[in-house]
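What follows is a pair of complexes built around subunit A, which joins subunit B in one and subunit C in the other.
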Partner chain A sequence: MPTMNQAVSNPVIDPVIEVDRLQFSYPGTGSRILHGISFTIARGDIFGFLGPSGAGKSTTQKVLIGVLKGYDGRVKVLGEEIRDTRSGYYERIGVAFEFPNFYSKLSVLENLKLFRSLYTGETEEPIKLLEQVGLADAAHLKVSELSKGMKMRLNFCRALLHRPAVLFLDEPTSGLDPVNAKIMKDLILERKAAGTTIVITTHNMHAAEELCDRVAFIVDGQIKLIDSPRELKLRQGESKVRVEFMEGEIRKSEDFPIDDLAQNERFLQVIGRHKIETIHSLEASLEQIFIDVTGRTLT
Partner chain B sequence: MMILNDIRFQWRHRFYFVYLLVCSLYLLLLHFIPSEYKETVAVLLTFSDPSALGLIFAGGILLLEKDQGIQDCLFVTPLRLREYLLAKAISLSLLSILAAWMIHGFSLGMPLSPIRFTVGVMLTSSLFTLLSIGIVVRTQTVNGFILLSQLFSFPFALPLLHLFDIGSRALFVFFPTYGSLLLIGTINRPVSSMETIYAVGIMMIGNTIAFLWAKHSFQQRVLLGITKGKST
Partner chain C sequence: MIRYRTLVLNDLRQIRMDPLLMASLLGPLAVIAVTRFGFIPLSDWIERQYGFALAPYSGFAATFLLLTIPLLPGTMTGLLMLDERDENIMSYYSVTPLTRRGYSVYRLFLPTLLSVLLSAAFVLFSGITESRSENIYALTLLALEAPCIALFLAAFASNKVEGLALSKISGLLFAGPVVAAFIPEPWQYAGMWIPTFWPAKCYLLGVNQEPLAALGVFGVGLIFHLLLLTGLSRAFLKRID
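Coming up: the complex of A and B.
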């Protein structure tokens, strides 16, 4: 099983975010939230921070977006040490918080125009962004008239207004129904395809599995593990397939080793003679791996 | 640009409409005041008008922004805190100037010194706007804000005593609102150049201190408050 140190020692080609021994305590509290975490994120990757509430993932993200600057250690985003950044840093990163908050008395388009006016660099045409996320028809509706799914898409648009090189998304699929969650995931993957580096904070394992190139498990202010979801699932899972089949009127289930499956007589017999209901490989779920590694659940 | 955004926000939340009603009430009140008291009452109203507007509206705007969860979104853009605060002060000063001229235009006519009068209203409004921002970030509720705003603003009302010949001038010269009363008093009374320099100077000092206090308070209580959110 890879440990934090092993994960960190893996060199990342063309890193956009480099964090080395990051420690953080909120002023006046005395208790440390982050205990020397280290990681790097490559250009164009989607990187996910996974952890239960209170684990330190949001604090890590707040350091990365320059809201918390009183940290110890080294935190570089796009080559800039975060504690030295000024307001120009926000011309280069985009942030979408978990709650899609807007000026409720202004329309969708007015909100985007207002936020666009705060940037000095090149920006996108708001209406074009709205078209891309399927909100063009809602451009003149007040934000208070939008559904949660529409607000989340608008939240995403706002973060993209200034064509940021790095995008920070906090719980991007939170509270969305499966259809809207799928739309959000597709939008995120489109940005990745366009070359944007994306950092996601979430406790939604399924979203992380589908979106992230690499994930970090954070618990108690420490990174317990960093790897790609696919690698983790394969390595932590069992090398078996489970076949569910009908033997007469009885539903049965048998596991077979994946190795030499084509020569496994019993397997061939089962699939040849019985009505097959399901066949699944038994890789571990990311959620189960998280529980195994951290001893904690995500709720 | 943020000034225009703030004006739009105030317009959409009907602040201008509310203030049109307030101005109408002031005009009605002035109409029924006997002419020998009219000018004193006008000074009193003109002083209380931008003060109350800055004090109550700025707090109200921040509470509305907080309620809509706007502030954390604003401060992950290139917007600087000083731009945010100055936009509030300037946009509400413009509303104050509009209201003050409306009241005087329709009741007493042109002030003796229109420029001094306008500067007085503007700096009074911005002083109370900044004061209000420093106050509102210390509260969670509307009631708490109203209570605290009365407490904090009370000392600034003390120079009004001099308007009624209570207390000597020396007692009040260090209050920025004494400068307000001098400039707003140009409705009916000329002031010398020295008095004007003093009044503008003391109000600028008051505005600077209020700005630094509001900035520090906002930084500590709102921006750090964002960072101390429930999720870690």
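Coming up: the complex of A and C.
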């Protein structure tokens, strides 16, 4: 297994986000949270920051969205150095925090209209966005009457009001049941298809695996690894397939190298003579790779 | 401007839905109306019944009632800010073109403006004040008290319930005019740490036709209020960071 102290991402064509040796300490604390991290994110990509609580992924996101400007290093989003950005920056990026924050006594539509009025550029019709996320019927409900899944969709909706070029999503599937999590993932993939660059912060490996073009593992303020989930899984996994089959009344399992599988006599014998229950390739799971590379779990 | 118009409309909607906030806004108008139509009849009645004349104390009564005016929009704003802090809406504003700074300016400007307009309405229409140029000193200091009260609640209360409890403490501000009106000099300057002492003193010096002294007290009071506003702003920002 690779043991990298500081991963360096491959050169990216048409980068939207460029971060070079980013360091950050919260004022007055003295302890450094980010230790010189570097990465780039390409236009139209979904990029995931993965790491346990306190690893520095939220701090990285706060720097990228311009909330923390007292950093060292270089951080450019859409060509602008973050420490020099002004209010116009927020016309170009959209943010959805982990916990949906709305005026709970106002209706869904009233909330969206209020936040829409803060933008000077072109904006979406709130009701159209609500239709896209399946909330049109809830438009006149008070936010306090919505379920967690509906609030998360509304949160996502709000971040899209001003057609941002870059979207920052913090734990977009957090606390959602499988049905709502699937809806949210589909919505994110729709935005990607529309050309939006998306940065996700999460500790949900499955969501990252399904959504992200590339992921970065952050631990102790350092990026330990950056690559596409598929590449990571193939590279770090075993090039084998595992077959589970019944031999009479006994369930058995055997592994075979993927190379020249069609010429593997034992494999052909097993699949030809026995009742097959499962066949799986043994690529590593993202979670296992994370544990192997960082020595940490995601809790 | 459109964004501020929507924010104002949103505030009005919130105020309409919350009787407490509604009372905070209508309260000053009620104070003006009650003073206008109630003070002189009440004063006459007390004089007839008990032989005690209120008229010589109308300066004190005016300052006492005047200071309720910034207290109410200030408290209302403080409670709105606590709601927005509780619901994490402040942090969302900081990632919109409004920005955190724009949000804070808007939030503090509105009660200041309300205080200016309503205090001026009190001076003009309550019927117990004299129209004097020194009144501008008192109105300026009172206008600065509204954002101070809002920031005090938003910085030191953990939630809206605590905010309501803390707003009761702001009742101590009524001590300002009492000290300025009834405690002899120089002892009354022991009460200079009470913010409302300064506008009350300015107003009373104006009534006593001491314009230079009123100007001096206004200068010191202005510095005191600006320092207070700065300190409370810092405490508030520290709280939301």
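Here are a few things to note about the model shown:
The rule is simple: the second predicted complex is superposed on the first by the 290 of 299 C-alpha atoms of A that agree within 3 Å, B and C clash if a C-alpha of one lies under 4 Å from a C-alpha of the other, contacts with A are read in each partner's own complex, and residues count from 1 in each chain.
One rule holds for everything that comes next: a residue touches a chain if its C-beta (ideal position, glycine included) is under 8 Å from a C-beta of that chain, and two chains touch if they have at least 3 such contacts.
Predicted, not measured: the structure shown is a model, and the values here were computed from it.
Three-chain overlay on subunit A, with subunit B and subunit C in a clash.
Once the two complexes are laid over each other on the shared chain, residue contacts for A:33 go to subunit B alone; subunit C is not touched.
Contacts of A:99 after superposition: both subunit B and subunit C are touched.
In the superposition on chain A, A:53 makes contact with subunit B only, not with subunit C.
With both structures placed on the common chain, the touch criterion links A:91 to subunit B and to subunit C.
Taking subunit B and subunit C in turn and counting the residues of subunit A each one touches, the greater count comes from B. On subunit A, the surface touched by subunit B in one complex and the surface touched by subunit C in the other have residues 65, 67, 87-88, 90-91, 95, 97, 99, 101-106, 110, 114-115, 117-120 in common.
Of all the residues in subunit A, the ones that touch subunit B in their complex are 26-27, 33, 53-59, 62, 65, 67-68, 87-88, 90-91, 95, 97-99, 101-106, 110, 114-115, 117-120, 158.
For subunit B in complex with subunit A, the touching residues are 1-2, 4-5, 8-9, 12-13, 68-70, 72-80, 223-224, 226-232. Contact residues on subunit C toward subunit A in their complex (touch as defined above): 2-3, 5-7, 10, 13-14, 17-18, 87-89, 91-99, 102. Contacts from subunit A toward subunit C in the complex involve residues 65-67, 87-88, 90-91, 93, 95, 97, 99, 101-106, 110, 113-115, 117-120.
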